[in-house]
Structure formats: C-alpha cells, structure tokens
C-alpha cells in the first residue's frame, strides 16, 4: 500500500477540522448550534463519562446485530430457494420486485402501532428492509452457479446436501457475502431511524434527545460515534470476507447503499 | 431492466397473501385489517381533501431535492474524480462520511435550521447527493486512460476533454448512483415528515398510528409502496433511454 | 523506384532515452533510440513484446516526454502533441467514444476549429476514404472490430494530418480484415501524401507496408538495425509476399528481432 493517499487523506481531515475550528473559534460565523470541533470533542468526552451512553451504544449494537441475524437467516434462506429453482423465481420474482422498493421508514408507524415503543418494533423496522440485499445477492449468487459445476455435481452423484455444501454454497459465497455486508450497514441505518422516531433507546434516541435539549456538542458527539460504529462494522465484515474467501474476494465499496 | 417488468405470474404470492388476508381477517380486526379496509381508509383521506396535498407535497420535495442532489453530486464527483489532489485530500473524509448513516443528518439540520421546508429540502439534497457523488468519482476513475490520450493527441483542451470525454463517460456510473439516490431520497423525505411533522404523506401515517387507525396506516403503507415502485419503474425507463447510446455491456451494469 | 531521401526529416530522434520510476528504483524502457522519418515515407518499427514499442510511439506522439535525448518535428523540439500528427491506437474499443456516433467520433478532433460546413465536409470525406459513409449514424459498439478501427483511422484523417502514428492498429483483427486494411492504408498514403510510423510485432506486416523497417530490440529497447525495403511502392498481397526480396528480408528479420533468443 502506498502511504501517500493515507497521509494526504489525514491531512485533508486535519485541514477540514482546522478550518472549521478557525471559523467558529475566530467568531467569523457566530452560530449557536454549530460548535467547533474542539467543543464537540469536549461533548464526546463528557458523554464517555456517562453510564447511559454505554447502555445506549450496547442497545444499538444489539438491535443492529439481532435484526441483521434475522434478516440474514430469512434473506439467505429465501434467496437460496429462489436462486436454485427457476420455477420458484418465475412465480415470485415479480412480488419481490414490487415489495423491494417499499421505503423502509414507512414501516415505522406500522411497527409502532403493532408493538408500541419496544425492541420488537425496532426489529421489524430493521428486518423489513435489511432482508432485501441478502435475499437478492444470495439469489443472484445461486442462480449464477455455472452450468459446468452443476454437471460436475451430477456426474459425481452428489446428494442434494453434499451438492449444496460443496458446490452451490462456495460458488455463491462471494455474492452472498456482499449481500450480508450491505444488509449489516442497512441494519445499522434502520436501527438509528427506529430509535430516532420510535423506540426511545439507543444511540439514535440519544442523538435526538441532545438535539431537542439544544445541546449541539453532545449531538455531534453522537453523530461521530454512530459514524465510527458504521466504519467498524463495515471493516469487520470486509476483513471477515477476506478471511473466508482469501484471494478471490474483490474489495467491494463500503457503505450503506442497496444493490 | 427486464427484471422490473416481470411476467405477471410472479405476482401470484403477493396476490395470494392479500386475497387470503381479505378472506380470513375479520372486518374489524384491530391490528391486521383486511386489504379492502385499507382501500376504504385511503379513499376517506382522499375525499376529505387531506391526501392529495400531502402526496403532492411529498413528491414535489422529493423531486426537487433529488434534482439538486444530482446536479451537485455529479459536479462535485467530476471535480473530485478529475483533480487528483482534491481526490487524495478528501479521500479519508469521504470514506468516513460514506459510512455515516444518512438519517443522522435529520437532527443536525433540525437543530441548525429548525423545522422548515428549506430544512426538509436541504436534508434530502445532502443525503441523496452522496451515492451520486461517490459513484461519479468511481466512474471518472474508471475512464480508460487511452481515451484521455486519444483526446490529447486530437489537441482537445482540458475543458473539452472533461466535457466531451470525462463527463459522458461517467454517465453510466451516475445512473448507478442515481438508482440508489432515488430510493434513499424517498426514505429520507418520509423520515423528515415523520420526524418534524412537516406536511406530507409521513404525517398522515403518524396521524393514523396515533389514532390507532390501523387501516389508514396499512393503506398509506401500500400507497407509498405503489408510489415507490412507480418511481423505480419510471427511473428504469429513463435509464434505459439514456443508456441506449452505450454498449450493452456498460448499460447492463 | 527507391525511397526518396527528403532533405529535411519529418521527425528526427537523436539518442532518445526513456525510463520510468518503479518501486524498485528506475526501469529503463528505451535507450539510445535514433531515427528519422522522411516525407511520404512509411517507417515500420518491428519488435518483440517488452521492447518499448508503445512507449516509443507515445513519446513521438508527444503524449509523454522522453527522459533524455532529442525529438523534433519538422525541426521544432516536441513538447506536447504536435499539430498535424494523428495517432491510431490498437485498442479501438477504448480509444473511441462509445456514446458518440461514428460521425460524432470523427468530428471530435475538428469541431470548434473549423466552420460547421467545413467540418461536415471533412467528416464525409474521411468516412468515404475508409468506406464507412453508410455508417455515419451508427454507434461504434454496433460495428465489427475492423470497422471500429476504420472509424479511428477516419478520425485521424479528418485532421488532415501530415503524419499518422499507428500503434499495432491491426493486431486484434482477423486475418482477412487485416489484409484489406493494410491495402487501404497503402492507398491512403498515396491519396493523402502523409508519412506513417507503423509499429507492429508482425514481421510480414512490417515489410509489406514499410518503405523501411527498423528493428527495436533489447531491454532497454533500442533501434538495432534499419533496412530499406526494395519492393517498390506498388504492393499486392500475393505477389509482394512471394517476392524474393520479401522472403529474404523476412528471414533476416526473424533472426534480428530476437523473439526466440
């Protein structure tokens, strides 16, 4: 790896923060609700002293991971079914295509109605959209298993289970892993949304609470923490993918984008 | 594109669920009202005059925000992609902002701008600009080096190289980003409406939820689904028309 | 008729060297390259892969600067692509603007420099020179490889260049298309009076097209030898390739390029 982009990248962040600090600190722009980076650091430091903050972070992580696991189990299962059977695809793909664009946040009122302010509400809001990337990518992975490999499986007289474990799953793995990663970033986004407008717990709620308390230092502190959680979750999955599929894993774009 | 215009038989499971729901659910089920009740609830909203203004408001802000996002995201993406120094200096910052869940922009904007229509527009434009910007940057970097050399040997000025080579060559990447931006912009529009109670479909959904009017909540959910599907379809058509000038290999990406 | 010795060369290279910095230090690509290109001449440069053929062409085209030595175009040192010099690259798919029509691609180098009428005339005549007048409104990706390469040649011709630099232009085409494009190129030279630097790894192509054949050899690459082709200006695919001079030169060059060394 070349060190130069990293150095200038750090320099860029430094320049950005420095300018921000200078503009706010010098009083060039007098604005109550835009604190300087230094003040945000202070807010973050104060937050780190609160027990509450750790409970919130833990809650958001648990909800994100829990929702992600449910979404992945459902998505990979259904995706494998749709991907390996042309008939299944034919008779349900249109339903998938109609349901998929349904905006995730529209589930918030429904989830609130059904479950009130609860973890179940949060999970519904997370699982409903986070399902799709896993489902679609798994389906495409399984549907894309080369005919030649299927012929190999047939000529070796593999049982369906053996076939699934030795041929289909490894062949589809790169695509499935991309789906898992996209589902995870979406799960984090949706848990923050659910906490912002629904279940009053977790980092999303903390963010909104500080906003409503007109406490910009801490609010930006929460923004920073949520961003770091996103970076870390993504990095862990990228690393795990590289570990599961050494060599053949193409580094995909990081981020929350749906495929 | 064919995936969005599927054979109608694929709708069978969805149709079956709705029909069974209608047949099996009692007419006054508190939490899971049957689909015809959804329809009646939406019709009620339409006749009392609250539906149309909300839909117009939501779609208008969505469209305007997406337009601003496209222009700004593409222009910035071309700049960052073309000028190496800008790309290197902004690289890490973009990497962090990319991983930041877009909804956090909502409370920031709420604090700094208050609950106003301009705040709603700003939030939509800023969040939807990201996927467009990032994809455009990637698109610019994927422009074949040979193309720039060919342009230089034809004595094209820097401006004309950007305008006639880099910009058109990045259009397929822009469209990939736009596809993500469309669905993101719908989500953010509704989120802002739910969060701030600024007029729109989101507000009607929250009202339905607060009044325990489950038929209204389901009905609006279905309506939003239909709108989102129509927008996706419309975008796919636009994409197909634009990409008809590109080789099929690029267009299918 | 023997090759005319023009008094002032179109291109002159003196002791030209080119190196790039890589992780392990500096790699020399070209060293001590000297040759001249005369008016209306086709100079073939033949060499095995890795001898710096493409680098040499990019330097002559003014796309990259040499590391040492001199390069001049009609007596003026080259800095940047000189006017009146056009380049045709091997990889036509990436050298053409796939989103512009054939006519749009040919127009790329001349629009804004001439009046609209003049541009239209030039596009039409360039397309008819390469036999693509009926495909002006098609997109490149709708055409075969040979036709796409013709688009690239037409784009170069629209500039009315006095020199065409060609980097293995026919290397990725099938044999039949290749030979018809070779004959077209000879015809174009007669009709336009341009000079050509023609880079190839194909020895027969180098002899068939060239008035002179230069051999690029070694790492770093250098012009090891240069032979006039005593075949006259009239060439034809069957007769020329069977001529004793052709066979003699081919046999000699096979040893000279050192491909199997």
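For reference, chains read A, B and C in written order, and residue numbers begin at 1 within each chain.
We adopt the following convention: contacts are C-beta pairs under 8 Å (C-beta built on N, C-alpha and C of every residue); 3 or more make two chains touch, one makes a residue touch a chain.
Everything numeric in this text was worked out from a predicted model, so none of it was measured.
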As a test of understanding: of all chains, whose mean C-alpha position lies farthest from that of subunit C? A
Of all the chains, which has the CA centre nearest the overall CA centre? B
Using the stated contact rule, I'd like to know whether B-C or A-B comes out ahead in C-beta pair count. A-B
Could you give the separation in Å between the centres of subunit A and subunit C, each centre being the mean of its C-alpha atoms? 53
Need the CA-centroid distance for the pair subunit B / subunit C, whole Å please. 49
Subunit A and subunit B have mean C-alpha positions lying a whole-number Å distance apart equal to 18
In the complex, subunit B residues that touch subunit C: 144, 146-147, 149-156, 160, 164-165, 168-169, 171, 245-248, 250
Of all residues in subunit B, those that touch subunit A in their complex: 3-4, 6-14, 31, 85, 88-93, 95-104, 106-108, 110-112, 131, 134, 138, 180, 183, 186-187, 190-191, 194-195, 202, 205-206, 208-209, 212, 214, 217-218, 220-221, 224-225, 228-229, 231-232
Which residues of subunit C touch subunit B in their complex? 58, 61-63, 80-81, 83, 85-87, 89, 91, 94-100, 108-109, 112, 139, 141, 155, 159
What residues on subunit A touch subunit B, complex-wise? 4-6, 8-13, 15-16, 31, 33-34, 89-99, 101-110, 112-114, 185, 188-189, 192-193, 196-197, 204, 207-208, 211, 214, 216, 219-220, 222-223, 226-227, 230-231, 234, 253-258
